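Here come two complexes built around subunit A, the first alongside subunit B, the second alongside subunit C.
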Partner chain A sequence: MKPIGALVSMIGLAVVAVGLAACSMAQGTSGTEAKAAMSDTTGNDWMTYHGNYNSWHYSPLSTIDSSNVKRLRVAWVHHPGRSTRGLQSMPLAADGVLYYTGSYSRVWALDGVTGQPLWSYFPKLNDDLVAKQTHSPYTRGIALGHGKIFVGTVDGRLIALDQKTGQPAWDTKLLNSEKLTVGFTGAPLVVKDKVIIGSQGGEWPWRGPIFAVDANSGRKLWEFFTVAGTEEAKKTWGNDSWQTGGGGGWMAGGYDAETNTVWWGTGNPAPLYDWAGADWKTAGPRPGDNLYTTSVIALDPDSGKLKFYHQELPHDAWDFDSAVGEFVMIDRDGKKLVVHPNKGGHVFVYDRKDAKVVNVWPLVKHINFVKGIDPKTGELIGRRDLALGKHQNLCPAIAGGMSWNSGAYSPKTGLYYKIGQEWCMDLEVIKTTPITEPQAQLDIGANFKLRNPEGDKAHGHISARDPVTGAKKWEVMFPEPPLASLLATGGNLVFVPDPRGWLRAYNATTGEQLWSHNNGLGHNGGIISYGAKGKQYIAVATGWGSLVGDEFAELFGEPFKSMPKDSGALVVFTVD
Partner chain B sequence: MLLLVLFSASVATARPLHVIQERGVLSLCAHANALPFASKNADPPGFQIEIARALARELGVALEVEWVTTGYQFRSVDCDIVLDTIGVAEAQAERRLLLSRPYQRSGVGLALPPRRADVTTFDNLVGHRVAVQVGSLAAMLLGRRGVRTVPFGFEEEMLDAVIGGRVEAAAVSPASAEYWNAIHRETPLRFVNAYESEPELSWDLTVGLRRADGALRDAIDRAIERLGTEGTIGAIYARYGIGYRPPRSR
Partner chain C sequence: MDGEKLFATSCGWCHQDGGRAAGRGPKLAGSDRTDEYLLNRIRVGKEGAMPAFAGSFSEPQLRAIVAYIRSLKDTHP
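Right after this comes the complex of A and B.
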């Protein structure tokens, strides 16, 4: 059983940015942001966290296909060292150079063919702060553009590095992490001349801002509060509870260049547990809908103003963020749509022009926090709100029906590949030991115990579905939910990195397993494909130790009980 | 955002009194920047540090401080004691802390503008705006009674909101309110021990003992008794403008 509660802190500060070794190489990619905007790339590069602005996690490269994937072999391995909580990041690739970040926001540039390090950058972090953070010290990705690499830090900074040398270009402090304990773990997104990054938030008593920073100067341009970012939204937080509302935007969003709209998913409100139960509209610690938490929001990148939004779970009482997942942009029957998974286990399909709900479909079987969600309006039906006391068999568990890693969409098959997590939990909302400064008040928290769903065993699955209707084409079951991102390729393959350490390739049309390789450590990060010197490569992050992964030992036993949580490597494959 | 922290995976091994004496060190978990409670850099360093030093002296060992932000880190930094542990067994069971004899009375009181002499209980504030710590038991209890609770992350901000007139009162600890008055003599607040009539909001403070044996608890208990009787604990609190309130239980 695990307690949870509000969390605040204040810690001393010492932040000095130190640039490290610089070597040669890495062509500066002027106009990389333009490449990222292209929905149909050559496939040699992987320019943003989600591959490109379409968020497909798809590489059109097809040299590796179903006929030769059996010959896939390790080309090279890079060990970043000091991989506390594993390696959770998504690599990027441009012009034959692979860039990635490890724990503590350490960044490497590597020759894409040989793995030879070209430069590295280890920022000097506030170690006192980092040692005390719970959602730390992982960094889940970087951004590329304007000849720079952009990386956020868990102590609240956004840093730009010269893409050729790794030398710091600027270092901008955006968050008072010393007070809030949280910073940046998600990847930034380059949009035109700006770098956009969302902060952690969730249970922490602040307003979870998303920032835009000038890519060339590092100057902060705007800040949008995911908690009560407009006067209208403030009215959805009774008793000024927006002051400590949580929210945040801790995973990279997407960009629709056609309408000049940034799409971002937001975190859950704080405090997480609302003892008001069914009276949440008028009573409890945060009465009301709590906009714009657990929502998808559409921002004007030039002004930071909200264009429109949809709140996926009004007054989220379950920690089922919208901050997870990708914004898959597809066109269907003349409609421009965006597909977005919610942690609670439903996939939302929106019209890109106004975020009107087009459809909602469940990806996982075991959902009972609501009886359903109206597929036409997105309205929740039969909410299960929590009051003080015991609650049995709430599904999905707090770890979600989907976790934060991304699925993949193949334009060749028209299918969306996504991990589902089938598990539930018992919980008790209780008085708990104070964890807040000044440690002199009792908190309300909750004890959780993950469990098997009634009549089933906890497990995971990968399914291939129509992204708009949710119709299932094929499904592969896993004894434990995979926790890494997926990759689809032009070779009609889907790559699935699993928690036991196996990387598998499936036929994207049929789901037939074609190849597997054991990387020796669970996967909990990204996977991409890129091209260099005429060859196609697959790069996958290995390393175990995320907060969700922490639960595996108790629920599933070995190999997770003995799996290290401070290790990781970038493993790159190719076919000769 | 998920916040799960594992507590059940293992039972901590004991660090009994004789091991502490052999090591010559008693370790305390404390917050690095939370005056008047504790501070890594300030001088004086906070009453938790000073009381822990006195306890270590009584045991004949040195004090070592492990700086933590949350209770989740008690296990990872492997400290022996945590001060200001609320003496409510129900709330502490999860942490597997042994509790010492209490050394101070505390709870959630009311900080008010000086002109509000009319307010003596929480019930006087039904329908009014009262600052509370987000997610706290006080927030829940007062909210259920019809008090318009306004959540804050930090007690200092709550007290500042009272001074600024943004709320009519703040539900805070006596230590925070009295320390505020000690360092803001130009803008003092009136503090009411409203918790005395509220069983759920009043408690004694104890030393939380991690992995202790009976001998260590007995030694800490004897030290607390001596330090209380000779006035050491009261003198430490006084340096921060905080009153010594003898505990109700033993």
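Right after this comes the complex of A and C.
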């Protein structure tokens, strides 16, 4: 196969000097939780879905660097089997052991050096329910802490396993998934003595709660409804439409230990499309702003109370939710900031103390659902509300300008590496029968078809940017959008697992491609680096078939037409 | 019973252009499957690909959806 057009365009912008605190240290914390906050000083472990509380997807390990990356080779492979919709998860690593979950929430502990299984745990799931679920049965990750591994299930449970033996410590049913079809596909987050996990929601009409569970006992401590979680929010849903509002928080959020704040991104409202068009404030299936959907919310982990929030897209009418993005904690010029990408293609930069907008910048070119977003206030300028009937060339397409996988930030270069997706769609908004009770089916309200942007071809890119200003340092074009997470390392490398199956390593400063390896199957999962017995390893999840990847066969043809959607393995690399 | 509305609520997300074109799911317009086959696929789904809708729709609703699929013109290649 010809290497994919690695068109490196160097854009002549100096890297803006980034005033970085090494990392925000946890105050008054202990045990694994403190370790999670500080793991980037030791570098051997990968403690949370996003690496650590900074959410940088960065490993400070530097044994593998630009001088020896050409010698990177496969150390071992682990096949989980039954990788329905590909292996989508982010592994974790602690003290030389690698932990990960495959589809059906099956969990493994593997020796980090040899790949030898130490234990495995396959939960018994409600198969009838799994058959009904649109998103089933992938699982995107686990959490670790208090001597336990935590995993959610698509049938609405959060399970704790003993970290040493894999024996279940507790198994708590949090959601009536049988009635609502939503469950848990995202990774939990350990915060102090609690495990936080968000349910699915969005086009599955209910109220998308986020839960906190006691890490030791499994007892539910609180739940926060992303749909109408406060009286103020309830008023933003006309005609009691909050009862079926969607929302959810289906990807792991972040934690700012300094202010004791959990940051979480929320899903879109249901139905996805709104036939009221521009009259959405007073008419249609969900009149009003629809708080707290498509928002970033800041919760007090001790009480579950909302501290503050910013709704990225008031009355989201395009399925451009805020659940997708990581919360990248960056300190600059004495300001404590958090960077959060939104599915619609803009990156929001907030002040960590109150979620006030500091900047908003577009990552992708093809955006026309709004004319722009005010970088000072975050206000939408020139919304394209979609009235009943046909609409051409809405950009980005429903799959978003960005998807749920994470970018990476390197404190060495001060650059943020992120995938952008360039594609559009034609759609017809249809007035459906309003859904007034939570139900076990999708609530969409339109038919659509993905297409090339007018005057362009659908494609993707990785760019390296200043995370606060968006200034672009370099960019690599891909014929199809990569759909996996990225990894930055202390060896000044950025790893990109691509959709055709190639894992590529780039010079983090220049974007020059230094190495590639064909894993033989597309990637739509995680990638990490960890250390064991004095060596550095790179672990990547392979496997294809996410709901976004499902669109590729029709848009791009081969190799996606024939790419299996029920395979996937964990492939681990090292240099000798 | 409006098959088109039901389709746009729960099916068009995967079967593009209202079932007229392939996308996440296959094109349904012009299907050479029997009605019974279509009904059964909608009831039981296919794991990891298409959800099962038996518990979500009544038999008359399922039949209305199939009638809608049959009414589609097969225009996309």
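The rule is simple: the second predicted complex is superposed on the first by the 530 of 576 C-alpha atoms of A that agree within 3 Å, B and C clash if a C-alpha of one lies under 4 Å from a C-alpha of the other, contacts with A are read in each partner's own complex, and residues count from 1 in each chain.
The rule is simple: a residue touches a chain if its C-beta (ideal position, glycine included) is under 8 Å from a C-beta of that chain, and two chains touch if they have at least 3 such contacts.
What you see is a predicted model, and the numbers here were worked out from it, not measured in a lab.
When the two complexes are overlaid on their common chain A, residue A:D316 makes contact with neither subunit B nor subunit C. In the superposition on chain A, A:D171 makes contact with neither subunit B nor subunit C. In the superposed pair of complexes, A:E551 makes contact with subunit B and with subunit C alike. The partner of subunit A that touches more of its residues, comparing subunit B with subunit C, is B. Judged by the touch definition given at the top, the superposed model places A:P271 against both subunit B and subunit C. Touch criterion met: A:R85 reaches subunit C, while subunit B stays clear of it. When the two structures are aligned on the shared chain, A:D155 is found in touch with neither subunit B nor subunit C. Looking at the shared chain after the overlay, A:K565 reaches subunit C, while subunit B stays out of its contact range.
By the touch criterion defined above, A:G248 reaches subunit B but does not reach subunit C.
Of the two partner chains, subunit C is the only one touched by A:E428; subunit B is not. Taken together, the two complexes place residues 132-134, 203, 271-272, 431-433, 435, 439-445, 447-448, 547, 550-551, 553-554 of subunit A in contact with subunit B and also with subunit C. Taken together, the subunit A residues at the contact with subunit C in this complex read 84-85, 103, 130-134, 136-137, 203, 271-272, 426, 428, 430-433, 435, 439-450, 545, 547, 550-551, 553-554, 565-566.
The residues of subunit A lying in touch with subunit B in their complex are 1-12, 128, 132-135, 178-181, 200-206, 239-241, 243-244, 246, 248, 250, 267-268, 270-273, 275-276, 283-286, 319, 321, 323, 388, 398-400, 431-445, 447-448, 547-548, 550-551, 553-554. On subunit C, the positions that touch subunit A within their shared complex are 2, 4-14, 16-19, 21-24, 44-45, 47-49, 51-53, 55-57.
Residues 1-9, 31-34, 36-37, 40-41, 67-73, 84-86, 88, 90-92, 94-95, 106, 108, 129, 133-140, 143-144, 148-155, 173, 175-176, 203, 205 of subunit B are the ones touching subunit A in the complex.
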